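Down below are the structures I want you to see.
Both complexes shown next keep chain A, but they swap its partner, so chain B is in the first and chain C is in the second.
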Partner chain A sequence: MSEPVNIKLNTEIATPQATQQTEGAIIEESTYRYDALQNVDVNRLSSTRRPTLVTLFGISECGKTTFVGSLFAILCRRPQLLKSTFIDSDTLTGFQRRVHTRFLSEKGLSEPPRTQRRAGSILNIVLGDEHGDNQRMMVFSDLSGEIYNDAASKDEVVLQQTAVKYADKLVIFVDTEKLLPAKNNAYKASFQSLLTRFKENSMFSQNTEYFLVFNKADLVKEKTNKAVEGITDDVEIEKIRDEVTNLWKQRKLSISNIVSPIVAVPSNNIYEICSKGIEYENEDTKLIELFNRLITEKTPASLSPEYNWIQKLVKIK
Partner chain B sequence: MNNNLKDILTEVLVFPYDVATIENLSEACKTYAEELSLSEYEACVLHLCLDIPDTSFIKAINASTKSTFPVHVYRALAGYVVGLVLSTDQEGVDELLYPLALRNVLKCQQPGSAGIINKCIDSSRFDAIESYWYKNAKIPAIDSDLLKNIYDKDSWEDSSLEIEDQFEHIKSLAKYYCRSEFEKSYAAKTFQPNQEAYAFMNKVAQDLTSHSWLYVSADPVKVFKNINVSGGLATLDTIKTQLRGTDINTNTNIEKTSVFRRYIYSNDYQEIGKKRISPLHFGIAVFYELLYEYLKSENYE
Partner chain C sequence: MENYIKCIAVGLQDTGKTSYITAFWAIERNGNTGHLLTFDKYPSDTSYLDSMATLWFDQTAVQRSQINITDLTFDLIHMESGCKFQMAIPDFKGERFKLILQNKTVEEVDNWLKQADCLLFFLSPNPEKKFNEEYGEISQEKEDYKPLVEFTVDAIDEWIQNIELLKYIHETRGDLKIAFCVSKWDTMMSKNTDIENWIRYEHLFFYTFVKHHFSNVKYFGVSAQGLDYAHRGEMTEEKVSELTDQKKRAFVSNGKNRDYDITLPLSWLLEE
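Our next item is the complex of A and B:
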């Protein structure tokens, strides 16, 4: 007779249990199962071919985590928008955490808990086409913005960011909230410093496809609306709108001037989005378009026709 | 083609290994490839192309490197080993069979292997192999009376021939059918006459595998000894029944031959692949490959 199993019902709210820490281990490391992974775990993700690595790049509070949380929410809620089927993930908890972050941020319930400096940053999803076929794995690097802040002044931090060096697609985030005000020099300086330091350490690869994303772009519209508040003259309203539009163009140009000498971003890879823009049936179309671009795999290699000698033989006949 | 392991591993790894690990793996693979048997070579081919793990190879690499690696890394390493073998000079029957086996499996490779194959196998190596094929796999290897005897009879038993005595002839015939005879005798014919070829090849294979001596004899047939084609659901008999349907038009013939191709390449490999597949079966597979391509070209090109 087998021993009785001692089952203890837990009626308390679950809290993460501390794992055994090795010497020098990091206290912020997640103890949840299926949470975001560390870089060292990436090569062990099971896939028949190399997953596509999408790296989200930007200093803190630019909306990287909200962005990836929104992607997951769309995949679960309306995958047809992305012409994909969500099949699996090894980091479901990591995604849910980000969805929760996005939710808190949207509702203004609290300060969004930003990605911990030493927490896992790697998320993965296995996608299929609309019928679930042609499965492929995508890996996202959602590194803490604080690390990018550190990297702006420390080469050793830059050199540790392998997810930047080996990215298939790298999304450079610009925070509209910090770019839009007149006093934005400090922000632009740190943005430039960050890019320059990665460039100087040869961390940007020519094989990477680069995207430039102005996040929180809804603030531009908000700024316009505030500026015309109480004004009834249509001409005056139009004038103010033009002023804000021109101001925004200048701001974007200033960022493009920083980015273009460092990495090549094609014009159709520049997006203005709101990463929270996933209201049901009123999704931000540019955000959805960008998601689609990012989750589209580079065409996998096919076998060279040189190997098909039978076909060649029949042709010769 | 430099058969560079670091480059090959980029097909499966998100972040590359450090130099020391690459060198360690490279040495382990070279050591393994130095004394490779036909069955070990075929196992690596199956691992690479069809993702059928070769546990012996995995254990050998682990023992040599004193480490373990993600499953997809072993597939890339198997490709590296296949590339190493092909880059060395093979002689005699090995020269003929190794690449032949490989090229047949290449055609049914699973997603994820093409990148590795393109990087680790130099396709130009096959030109020399094909020349060898043309020179050495001629029908004169078989006596014409013997051939006529085989053709005229409905079954192997009716020919009163001892299959063991004719083993080498059968092998030559299988090879021959793969190329010259198909082009010469069957390329211009309609499906019905081709039925003879189906029937003949299937009979040979079936007769051959039904003989107990096949499973206990020493070289040159020892490579067959672990084959049990009747062990799976898709037996040769099943395939033969499918192929010999009488009311099928040419379009469905393609489907029928596809059934065989899938059998030979998928079911067959997965069922008996772990026990290795015989050179003769590869010969038969090539035959059906040619037939399939021919039927396809007649209909669609």
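Our next item is the complex of A and C:
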């Protein structure tokens, strides 16, 4: 057995309390052990080594839950793709909730938005390298898209999202399904409002590493294939392909124009992925690359044991 | 020399806890088996075990525990060392363990856990639930699967539930010695694969969690019934009856070979 895991729930630090959340609703404590945590519960996590907080940011239906479900599936069954070993998690039920939501979506079903709003959003996982050494904790904030929908129009909701303010890595999701059609104006306006509101409330930090992710990017290929269906002339096919490619470039540029004045996203942090791309031996390579970058510690240097990052996350608002 | 060992049989519903304890009693109660452990004396009240054993002899599925049996104590003797052991082995319903995952306090289980020296942890050989995307195509089986909209404990994959139980046990008692028994191993023998390797390849997430939290574990394949009653094949009632008499029906396996000494997981737990 390798060295004991020195990362655990420290139940002496704080007692979970009901949390005031959006729309005046009181968050109820989960009836399940190892469920996702609320922000206040995060104080109960303790670690002698600084965890890395990865915040998934985006309005509903942009694929955050599918993304987390895929990450969990890869960590469970093919961690070698991420050069990692699963060691522990205090939120296995929280991960399974997301897996459940994804199973529902396969059947065209979904949980009521009210339930989604009430669920905890903080997930954690302890990973080691391929041999189980060099253990570190990753903390994921996977807030319901419904809350981001609310945040796009309410400062009060924005200010509650401390996991955005203190994120080490923040992944901004763009829904290709909504961006690709001609009538994408409402989507872009809502996307811009969301980012602007967080910016105006000083919730984006310069210490955060930003990623811009165009999710469901397989739809671009699908659109191309549909456009060339029944056409046999190679020149015509090539012309249509170019048209779709250019259209997609313009769409991406319109998003970049919204994002770049607000946060700085390095060009190598922009990804086009399909978060469902986890077929055995035919995985979406960009998705796997992104997973790898997200689960890599941002600050490998250990901090003093007195430094409680998570308490800081919640207390300093 | 006599030792008092407290062992607790842990496992979700339908993982074979009661079947194993029943087969153990049915096979070992009269001795002369040549197995590593045998009874030194009978438990004071065997009415529960006897009723279960009758079902086992009759080649009928042993009903899983309808009640929580907390006072099962086996006085055993190790045939090689001559050491005598008193082993307390309560048979809790699988539902009791599921309640733990629902954030309930299950006092009788907690009390046993606090005193336990070792665990017999039962696992079912069922596969993990996977996403359609992992297969690359939608299978008919997946298409027929209709999940409940509401999230319940049953929506949690069984292997994740097992990890959660182990995590709870680790938080309660730390690093205990555990014999993992994968039940219904008769249905797995055709795979001819080492059981630890099978766990590592098919249930890697579970395997690595165990590896990093428990230092003294061993995996056993267990077939307490000796066959799948619903798919008998060549195992006619007559044939099974003969095997029962010869004490060659239930078996323990390392994944490749059959060993008819069903006491092996317990005797391993009793080793220093």
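The working rule: the second predicted complex is superposed on the first by the 257 of 317 C-alpha atoms of A that agree within 3 Å, B and C clash if a C-alpha of one lies under 4 Å from a C-alpha of the other, contacts with A are read in each partner's own complex, and residues count from 1 in each chain.
One rule holds for everything that comes next: a residue touches a chain if its C-beta (ideal position, glycine included) is under 8 Å from a C-beta of that chain, and two chains touch if they have at least 3 such contacts.
On a predicted model such as this, the values are computed, not experimentally measured, just so you know.
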item: Contacts of A:71 with chain B and chain C, given as first, second, both or neither; value: neither
item: Chain B versus chain C as contact partner of A:42, first or second or both or neither; value: first
item: Contacts of A:217 with chain B and chain C, given as first, second, both or neither; value: neither
item: Chain B versus chain C as contact partner of A:104, first or second or both or neither; value: second
item: Of chain B and chain C, the chain that contacts the larger number of chain A residues; value: C
item: First, second, both or neither for A:34, with chain B first and chain C second; value: second
item: Which superposed partner A:51 touches (first chain B, second chain C, both, neither); value: first
item: Which superposed partner A:162 touches (first chain B, second chain C, both, neither); value: first
item: Chain C to chain A touching residues, read off their complex; value: 100-103, 128-136, 142, 145-147, 149-151, 153, 155-157, 160, 163-164, 167-168, 171, 175, 204-205, 208-209, 211-215
item: List of chain A residues in touch with chain C within their complex; value: 1-2, 5, 9, 30-34, 69-70, 73, 75-77, 79, 85-88, 92-93, 95-97, 99-100, 102-104, 106-107, 109-111, 128, 132, 276-280, 282
item: Interface residues, chain B side, partner chain A - complex; value: 10-16, 51, 70-73, 103, 106-107, 109-115, 117-118, 121, 123-124, 126, 130, 179, 183, 187, 286, 289-290, 293-294, 297
item: Residues of chain A touching chain B in the complex; value: 39, 42-51, 53, 139, 162-163, 166, 300-304, 306-311, 313-315, 317
